[in-house]
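Two complexes are shown next, each including chain A; its partner changes from chain B in the first to chain C in the second.
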Partner chain A sequence: MSAGRLRFVAARLVQVLPVLTALLLIVVLLQQLMPGDPARVMAGPRATVEQVAQVRRDLGLDQPIFLQFWAYLTNLAEGDLGRSNRTGIPISAIVGDRAGATLWLMAGGLIVSTALAAPAALLMALRPRSVAARICARSLTILVNCPPFWIGLMLASVLALRTGWLPVGGFGETFGERLRSMVLPSLTIGLAAMPLLARSAAGSLRQVLAADHVTTARSLGITGWPLVRRHLLRNAMPPAVTLLSVQAAALLFGAVVVEQTFGLPGLGAELVSAAGQRDFPVVQALTLIFGCGIILINLLADLSVALLDPRTTWR
Partner chain B sequence: MTAVTFFRARFRARRGGGRVRWVAVTLLALVILAAIFAPVLSPDDPARQTLDQLRPPSADHPLGTDALGRDVLSRMLYALRTDLLLMVFAAGLPMLAGTVIGALAGYHGGSLDAAVRWVADIFQALPVYVLLIAFVFVLGPGTPSLLVAFGTLGWIVYARLIRTEVRRVRERDYVSASYLLGLSHTTVLVRHVLPNSLRQSLVYLTTDMGLALQGIAVLSFFGLGVEAGTPELGAMVAEAQVLLRSHWWLAAFPGLMIIVIGSSVAALADRFNEDGEAG
Partner chain C sequence: MRIKITACLLLAMTLAAGGCGTAEPPADDPSGRGGSLTILRAADIDGWDPDKAIQLATFQTLPQVMEGLVRPSLDGASIQPGLAEKWTLDARAKTITFTLRKGLTFSDGTPLTSKDAAFSVGLWRKGLSMGTLYGAITGTATPDDRTLVIKMKKASTFTLAWLGNGSSIVVPKDFGGKSRADFFTKPVGAGPFVVSSYQPGQRLVLERNSRYHDPARPYLDRLVYDVVADPNQQLLRYQSRQADAIEAVPLDLAAQIPEEERVLVHPSATIHGIFVNATKAPGDDIHFRRAVSLAIDRARYAQAVFGGLAAPATGGLPPRVQGSVGCGCTYETGIDKAKAELAKSSYRPGTKVELVVDATTPFSTRAGETAAAQLRAIGIDVDLQKLEVQVLVDRQAKGAYHLSLGEVGSVSPTVGDIFGLIVATGGLYSGLPMKTIEDAFDRLEVARTDEERGAAVRVAETWIHDNLPYIPTAFPDRLFAVSPKVKGLKVTPFLSYPADLLQAG
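The block that comes next holds the complex of A and B.
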């Protein structure tokens, strides 16, 4: 690896630190933003003054803020994310229980959105003035403005309720059932995440198309699939990896919405129900986990671009 | 160039061949008119509950009634008010805050500028929607917390755009000339630098309004957005979710309305974008 790329990798790794610190700070400070006394809220409406004071001591809320921050960090380092307000179950157990569905959904959404976006992007980049490409671009504008939960409900209405082809919700027990129950949610996430992916992919394909080596190849009479495969796709790979990382945020948000729509037992549904029932520790922990996930995916994407593209240097 | 001349110039630039734009403008105008005249157009009080529950569309109730016997058309008209207003403020307030902060940072530079850039870099690396849920949760449901949450997370993009433009414009000859004329920093910034730095932010504003509309609808669908009972399109879809099998239209129409508003705004945004690139 050249010095420039090494510098890139080192600088990118260092860059993660302030972002992580900021995320941790936000997550700890969220509690201070809550209206009213958090100890009173957590102790419940029927708690006595002594019970509230006990809760405050237990949670360390009588300590100065930087000590609270430190306490949260040390607990985190031991893998302790706190306990749910509602059930008292350790949050790490909840996460272990529910991460599966979310990961399944994100994988499904990734497959569907890529499968849908790739042909659309190729069409819009290679034949930008054709009628098909224009119709495609217009449909994308409409699709990007469809609320994802609405797409999900309409798909369910047509493909599940009316025909009974697919289950309406739930996660299933066996592998086959699970696969079937993933079809509609994956389609929904895929459709919701696809327009932005297709547009950015078309944009970077256009850039590659305008590059000198492609003009040369075209002037040598190379067209069609050989041109796409040998000269376009390879050079479009590094931007595509970056696109995938941008996609991760969209897929994650899509998963949150779709879990809620189809009643899937994932992390997103847990976040929403915890927020609805004022379960602060769970909201706090899941915000942290989702944030870390996105930071990690972005980091991995940038690092793999550095490996794929020998031209990468730091700025 | 002020905002008004900006939009006028953008529109004039595309006199021919803008069929899509005209459809978008017409639809948007209809939606806005429907929202303004909601009290006149509504067949019924949107909050009045009756025992006439879950009726299919009829002459009395053109879109039927919901599970509490409320007239769906009236609720939708009032929901347009909620959503359009929230959309404008959820995108407009961040733009206002971002413009002020970005202009000061870009104009004065130094530690304020460094701080703004630092905050912007960090927030760009965090998942906005998840933070949005967390913020709205912390502040409690309701319109004020929605706007605070959107404002807290939204100003950053505008500040970044304005900051870059202000730094560029500040170096122009006519700005130096303004100093030579003895104008104060405030006058130069507000009268001469800022108006020429707003274009990209205005283009982004149109995109941002679409995002805000979706965000509000999704949060309300989760039950974390507007106060319970407020007519709002996302909340209407949520209420209709359990009735999907028998009353699919209760979920379909409010969703279609979101799409119409969002797509119209987006079609206009696309125009601005193209014109911005061309001009």
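The block that comes next holds the complex of A and C.
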């Protein structure tokens, strides 16, 4: 790897630090910023003002914010995400329990969106005036305006309820059940994410198609799949990787909606539930995990681009 | 009792009488034993610690695993034996002597004795949330392994009925040597089921307790509760028969359930009403509160908000539980009278009145819009604010509102638990002094006949009618969706059902 690319990688790694610090600060401030009193929720409707105050003390909510921040960092450094206020269960156990559904969903969504977006992008880039490309472009316009929960409900109604081929929701218990139960959520999240990916990829491909080296290749008689493989995809790859990272981040947030729609016991559904019940330790931990997930995805994408594109350097 | 902020969930506890919903006749025939059922619920239990019980699901589920001394009768009108096979009140009704069934054991095989029951009574009394409802109890005695004597400072008949609620459960003495937190992570009880697996917020799997005192029950081998928050997803799973029943179908979706698969609790022991902040203007003015009450056309409100699946409120306390006698007075409706009352009040036209409602369900927002429209019709300038539910609760607790919509429901066979909640929350957050209600509760607590109970409740009802700490608007129904596979479901007016009598057909 060249010195310029190494500088790029090092700089990106250093950039992560302030972002992480800001994320941690936001996570701790969440408790102060979100309306609603967790102590009141925990104490119940019959609790007196004194009892609510006692619960607040027990939760450490009466401490100054910097002490809360320090305590959070200290616990985090020891690998302790805390316990759920609601159930008393360690948050690490909750995350372990729930991460599976979210990872299945993200993987499924990425596979579906990529598998659908790649041929659509190639079609729209290589045969922009064909009937198929026009139908594809119109379909994408319609699809991009469909909210994921609606797509999910329609798929469940048509492909599961009427045929009984697939479960309408839930996560199943065995590997086979889980595979079947993930078909509709993956299709939903994949279809919701695909239009943007397809259009952006088609745009990148068109740019590469217009590049001098492609014109030269064509003039040398290179056409069809050899042209696509050797000259188009390779050069369109860096922007595609960046797009894919954006896509993965979108899938992570899309998971929150789709998990609710299909009743999947994932991290997104847990986040919604915990936020609704003011279970702040869980909200904080999941916000941190989601935030770190986004940072990691972006970092990996940038590093991949650095590896794929020899022109990458840090200026 | 339960407080429901508009259509969503919310808080907590109390008991019952009256009619109930039924899918099939109770399953007395054990020939249909075995099988498994899956029931959907919108919210998970609040955990296994009874003092954290807030959701209806908690009151329903805890005694399935940790049975109490008594349980509600099938019609919810009284109590019947649970772990105790009989009980006697002494002549002055100041002690209750329970006789436990012979040979009781916890599900782990440990014998269950009166010492365990006495420990449990102590646990109930010390409860942060519901301890006050056991306030009459002063102590216990255990003359032998099968006899538990509960001593009371006064002749509390309420206490006996209250013990039928789902949070009065029996646990091993000293939690079987564990810490409280550890015990309630993996609870052991003497109920008809044992916890096979529990994933909070997702799924609870109960299996038959082979050591249950009645060898014929439960009829089911396995009972699964799936937590599904999204109503559409609930409906899809039910329609595809991934689930056999839905515990409480949002009334918006009632039309989606075939007539023959509906179990309707009409009405449930629940009050839907407008809570008033009476600590500040304009709610501090009785004329304003009367104007609000007169403005609400309860019949139209019940139709518009609940699609007719509710009865117009005729009192301020839940119907169909022990002690429910109604108001004996009338909650009138009339735009002209409402305008006249409003004119007498300190309210000045154009002054914004905040009406806060739960924004999380279409039902609750529709209730807010309906109430706002009826109040605007008499000239109140309503600022309808749709809030996330915890924000709403927080604002209520802090008095940062003028009007809000909410629900309060019994969770036991007596109306007394609602009294407790009303007193504890300062008249459902009105801020009005609750002396009359407290006194009425004292009378209700020691009432020994229906007449005495009725007289005590009528005092409270009359005071609520005259002072309007909240404006009762409707007694909503509750709808259970039950597939033909499910037999033996019988739901009390306070929405509990004995799961050990369910059968998978």
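One rule holds for everything that comes next: the second predicted complex is superposed on the first by the 286 of 315 C-alpha atoms of A that agree within 3 Å, B and C clash if a C-alpha of one lies under 4 Å from a C-alpha of the other, contacts with A are read in each partner's own complex, and residues count from 1 in each chain.
Going forward, a residue touches a chain if its C-beta (ideal position, glycine included) is under 8 Å from a C-beta of that chain, and two chains touch if they have at least 3 such contacts.
In this text the structure is predicted, and so the values were computed from the model without any measurement.
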If you stack the two complexes on chain A, which partner ends up touching A:Pro128: first (chain B), second (chain C), both, or neither?
-> neither
For A:Arg138, select first, second, both or neither according to whether it touches chain B, chain C, the two together, or no partner.
-> first
Exercise. A:Ile295 contacts which: chain B (first), chain C (second), both, neither?
Worked result: first
- Query: Counting only touches as set out at the top, which of chain B and chain C does A:Pro35 meet: first, second, both, neither?
  - Reply: both
Review point. A:Pro119 contacts which: chain B (first), chain C (second), both, neither?
Key: neither
Per the contact definition in the header, classify A:Leu153: touching chain B only (first), chain C only (second), both, or neither.
both
- Message: Once chain A of both complexes is superposed, is A:Pro226 in touch with chain B (first), chain C (second), both, or neither?
- Response: neither
Should A:Gly4 be classified as contacting the first partner (chain B), the second (chain C), both, or neither?
neither
Quick one: is A:Pro18 in contact with chain B, with chain C, with both, or with neither? Answer first, second, both or neither. first
Note: overlapping chain A surface for chain B and chain C spans 35, 153, 156-157, 161, 260-261, 272, 276, 278
Listed in rising order, the residues of chain C that touch chain A in the complex are 3, 10-12, 46-47, 52, 54, 128-130, 132, 181, 184-185, 199-203, 226, 228-230, 232-234, 236-237, 239-240, 242, 360, 388-391, 393-394, 397, 420-421, 424-425
Listed in rising order, chain A residues that touch chain C in their complex are 35-37, 40-41, 43-47, 51, 84, 86-89, 94, 97, 153, 156-157, 160-161, 164, 167-170, 260-263, 265, 269-270, 272-273, 276-278
Residue set of chain B touching chain A in the complex reads 20, 118, 121-123, 125-131, 133-140, 210, 213-214, 217-218, 221-224, 234, 237-238, 241, 244-245, 248, 251-252, 255, 258-259, 261-263, 266-267, 270
Contacts from chain A onto chain B in the complex sit at residues 18-19, 22-23, 26-27, 30-31, 33-35, 138, 141-142, 144-150, 153-154, 156-157, 161, 249, 252-253, 256-257, 260-261, 271-272, 275-276, 278, 283-284, 286-287, 290-291, 294-295, 298
